[in-house]
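Order of writing sets the chain letters: A, B, C, D and E. Residues in each chain are counted from 1.
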Amino acid sequence: MEGAGVLHQMFRLRWPAWKALGGERQAAIVREAQPVLEEMEKSQSALFSLIGHKCDLLLVHYRRDFAQLNQAELRLAALDLWDYLEPTTSYLSVVELGLYDSSLKEYTRMAESGIEPYSPEWNREVESLLARQREAMAPRLWPEVPPRKYICFYPMDRRRGEEKNWYTVPMPERQRMMREHGMVGRRYADEVKQIISGSIGFDDWEWGVDLFADGPLVFKKLIYDMRFDEVSAIYALFGSFYVGVRVPAAGIGELLAGRLPDQ
Amino acid sequence: MEGAGVLHQMFRLRWPAWKALGGERQAAIVREAQPVLEEMEKSQSALFSLIGHKCDLLLVHYRRDFAQLNQAELRLAALDLWDYLEPTTSYLSVVELGLYDSSLKEYTRMAESGIEPYSPEWNREVESLLARQREAMAPRLWPEVPPRKYICFYPMDRRRGEEKNWYTVPMPERQRMMREHGMVGRRYADEVKQIISGSIGFDDWEWGVDLFADGPLVFKKLIYDMRFDEVSAIYALFGSFYVGVRVPAAGIGELLAGRLPDQ
Amino acid sequence: MEGAGVLHQMFRLRWPAWKALGGERQAAIVREAQPVLEEMEKSQSALFSLIGHKCDLLLVHYRRDFAQLNQAELRLAALDLWDYLEPTTSYLSVVELGLYDSSLKEYTRMAESGIEPYSPEWNREVESLLARQREAMAPRLWPEVPPRKYICFYPMDRRRGEEKNWYTVPMPERQRMMREHGMVGRRYADEVKQIISGSIGFDDWEWGVDLFADGPLVFKKLIYDMRFDEVSAIYALFGSFYVGVRVPAAGIGELLAGRLPDQ
Amino acid sequence: MEGAGVLHQMFRLRWPAWKALGGERQAAIVREAQPVLEEMEKSQSALFSLIGHKCDLLLVHYRRDFAQLNQAELRLAALDLWDYLEPTTSYLSVVELGLYDSSLKEYTRMAESGIEPYSPEWNREVESLLARQREAMAPRLWPEVPPRKYICFYPMDRRRGEEKNWYTVPMPERQRMMREHGMVGRRYADEVKQIISGSIGFDDWEWGVDLFADGPLVFKKLIYDMRFDEVSAIYALFGSFYVGVRVPAAGIGELLAGRLPDQ
Amino acid sequence: MEGAGVLHQMFRLRWPAWKALGGERQAAIVREAQPVLEEMEKSQSALFSLIGHKCDLLLVHYRRDFAQLNQAELRLAALDLWDYLEPTTSYLSVVELGLYDSSLKEYTRMAESGIEPYSPEWNREVESLLARQREAMAPRLWPEVPPRKYICFYPMDRRRGEEKNWYTVPMPERQRMMREHGMVGRRYADEVKQIISGSIGFDDWEWGVDLFADGPLVFKKLIYDMRFDEVSAIYALFGSFYVGVRVPAAGIGELLAGRLPDQ
């Protein structure tokens, strides 16, 4: 089940060119950029200062659809600030709720009542099921950016190896493993807010994972713990990890002056 | 069976240099580029605004032959606009119709009538079969760009692993798997228009897939569903995914001003 | 068990631009940078001159938390010297002590006393165990940069292959292999000072390894010897290796003049 | 058995810088470059306009030895035109004729006459065999560039996997598979002229393949057909594919003006 | 057993910038660089003109220790010529003699005399054995650059696959395979001078191989022959290959003028 469109944009700051501008020009550029970022913040965009060389800034956008994401990109590109940002990577996905358990129950019920899979009746039942789920899940399908200090983002795949292949595992097996996997996550639910988005057909990995927490160590504990549950140990492949500190749009000037704003 | 030559060209826009030009020079550059793009649009080229850092613009060209594709590239390179486009990647292929079923039936018939494979008679029969198929398939071999709002492009391979190797699977097995695979696709035929092109000998993956639809979510559903059919689960390897919004050639000026044109 | 946050920053020096500055401007840039580096040296940062094209300079920072690491990055980026440094790569991790043996003993004891895993009582016991270990281990959790002439840094993973997968090996097996692995390391304890940091959830490999010694050959001997112990032979995957010579912050001017300072 | 040294040079044209020169300077640069390219054409160099972003120009050189190839590179680098070409990749190899069948027959005969392998007598016999073969094969060992409109170039390896490893297959098996592979090629001999060069010890793949034909579709058919023969299906690994249109040296000016010369 | 430190430095020449300098400035730069390169030549550095796009120049340095290699790098970086060289890659290693046979014999003897492995006595015996071997091997441990016309350099690994893993093969098996491998090399000893250096802990592959010969074809023959011996067929993984022509330091000016100096 899908909700908000999600775009992660990673940038390296062109420090030498930026510093060469002098304070007056820098201030003018910040004056143009800050209100745009503040407005985007209200539409569920958030800015992070990343640690390490991969990028300096991360912008995360949650939007109603992909055309809005594209429009957000274009609007940023039109800012003077853009000339001092070098795009290093990005990630396009859509918020996704895995409803393995409840869906399976419904599908089983439908099959047992003799409804032909993919028949018009089947499709109507599925559509009605999805509508009920969508309403119940609206707050999670259309999330706000959680107000935590740290973010951890990474993309991942389910393995499609020659011997170990998630896509050839029978549904009940996959369901069981996902349930055990979810139980590890639930132990961290207070400390870590997690938003999963799907990117099959949209980007180069199958899922994107956003974790939000007040300190970074819990990211390591959670992911390390999960690494031993069956579905992760055998079937999870991980892309690059990005860790950053939240910076409110109002702090962009301070960040560009080389200081991490207090929170 | 092969039809139109296909070239996908991906570009990043050099925003800082473009914005530094000022409105008058920008307008002149658009005045030169727009009629060329409009003319190309009539020869089955199409422009898309891509989401994410991989590229900003995608140009898809369907042409009679490869020399015409090369000529199209050269003509674009001669535009002033070209100086503000940075080629990031491209894909060269030829529209291809897999006629597993009907061809197999014919080949079996020919073999049963005792025609020696690759003998002059065999080649004549094959040529005549292909001619009949080519005529019937002309609209799909020489396609127009479907007038949908979104595109999804990705290249793919059939796996040639040490254990799981498509090219060592017997023909009837391959035929059966392709038939099942096609049935998944058919469920989406109304919502998604699909153009498959082959690139063995032309580019670094074996096939390129263009999907066209009015919204992007159906790309995810279709590809996710297919991921569980046997031929995809075991034998499909995927390259990078590119998702974009159609921009008519007449909208190039608006796009270069940082606004996604209405459709 | 986690301690200091660790950031490795690798830079290539833009020699042509640097040399074009002339002596006076170079001296001014060094006068600005040297006190900052000297102050950072007191907070457990260290500078190394690396051998080979991968990078010219390596800065290693050990800090109380990630926000301090991010602040250190930003402070360096604000230096004029920064304009002559090109970031090539980096590594983010946290000092980690593997307490396989003592922890296992405790967990076994707790399980035997009938404490339910992950129950509130279990969590209290774990917290109290960790607190005792943390105090005993403080000097190793919050290390100073060892005062040796050479550094060797590399990231590594435990293999998650289709057949050989560390994360599906039972705990006692892993414990036995790690004990044998540790015995190889102990033979080199006098010659090589080793700091292990974990990067699951933080960077693209699972661990970072810093080795410090008075000469480089012992790096090769140690790593070669370990390559044959079971856990390394079967389960270790290695990233890039970085080897460098320590340069005190006070020697930055000499290094930038093209001379490796005496030690 | 080895013949001509072969160098493939791929270049991207720096269109913006080139176009900024103005007609007079462009003409002067072409006047300098064209006679050099024409002279090289007589020494078996050829120029192609490539399709796609990988490169714009491909130069193929066949020469007596590697020092001559290096000298050709240096001579081109000295041209003013060179400043508008960006080398993207290259390939170094030597024309090679696989004489599996005839050589095996000879080696078997020698072994049966009781000649000790690698003894002086064995080496003399081998030398004499090679001399006879070399004379017979001279036109294929020292080829001219075939006068066809299209080129397809790609490098390839024989697989050295953990299970499927060409280099552990017994000689008679390899010989049988190569013979079957050759029979596929022979079906296309009229339409496609093929030059195989070996690059073990010279470049990053084991072989380079040049195909020349009057149209590009036959490249796809040939390579697709071969993909199912045993040696290719199981043991062939392919690098990047490059497809281009022949441009006579006399047409360089027209190409640089953005027009593909007629042929 | 280890000897000289080895650094390979690969550079692309910035031809456009170099050619734009004009003859007088070029001559001044050569006048500064040539004596430094000539002096380095006496300390076992050598210059090669490489074929293909990977790099134009290769500098190989053999030195007493790594600090001297780092100092050599810094000295070159201080030259004006450096501004026209773009480092593309490098390799850091140490000359290594594999003494599988004689060492094994000694270790067996020591074990049989009941000396506890890694006991003080064992270490003393090993140290004394190594001292004797080091003296006998000095000319090979501290090599001069062989005065041949061509070089071939490549890095390699021993495979650590899930099934085929060199580091889990018992010592006597490894010894037997290395002995057979050495016999192939011995057949080429007159034509090819080979220097093996180890890079475990220093660079991204485990070994570097330098081959020197009067013509390049023998590189291909040697490496092709070896590809079929057991240890190479199953356990060898190869990096990039670099092939070049020796250029005496005195010929640097001629090379930079676009001519390969006679030898």
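By our rule, contacts are C-beta pairs under 8 Å (C-beta built on N, C-alpha and C of every residue); 3 or more make two chains touch, one makes a residue touch a chain.
Worth saying up front: this structure is predicted, and the values here are computed from it rather than measured.
Undergrad: Using only Cα atoms, superpose chain B on chain E and state the rotation angle in degrees, rounded to the nearest 5.
TA: 145
Undergrad: How many angstrom between the C-alpha centroids of chain C and chain A?
TA: 29
Undergrad: With chain centres defined as C-alpha means, what is the inter-centre distance between chain B and chain C in Å?
TA: Measuring from centre to centre gives 47 Å for this pair.
Undergrad: Could you pull out the residues of chain A that touch at least 2 other chains?
TA: Residues 162-163.
Undergrad: Thinking of each chain as a vertex joined to the chains it touches, would you call that graph a line, ring, star, complete, or other?
TA: The chain contacts form a single closed ring, each chain touching exactly two others.
Undergrad: Starting from chain C and heading to chain E first, what is the chain order around the ring?
TA: Here the ring order, chain C leading and chain E following, is C, E, D, B, A.
Undergrad: Along chain C, where are the residues that touch chain E in the complex?
TA: Against chain E, chain C makes touches at 12-13, 15-16, 19, 49, 51-54, 149-150, 152, 154, 159, 161-164, 187, 211, 215-217, 219-220, 222-224, 227-228, 232-234, 240-241, 243-245, 255, 257-260.
Undergrad: Mind listing the chain B positions that touch chain D in their complex?
TA: 2, 5, 7, 9-10, 65-67, 69-71, 73-75, 77-78, 80, 82-83, 87-92, 94, 118, 160, 162-163, 165, 167-168, 198-204
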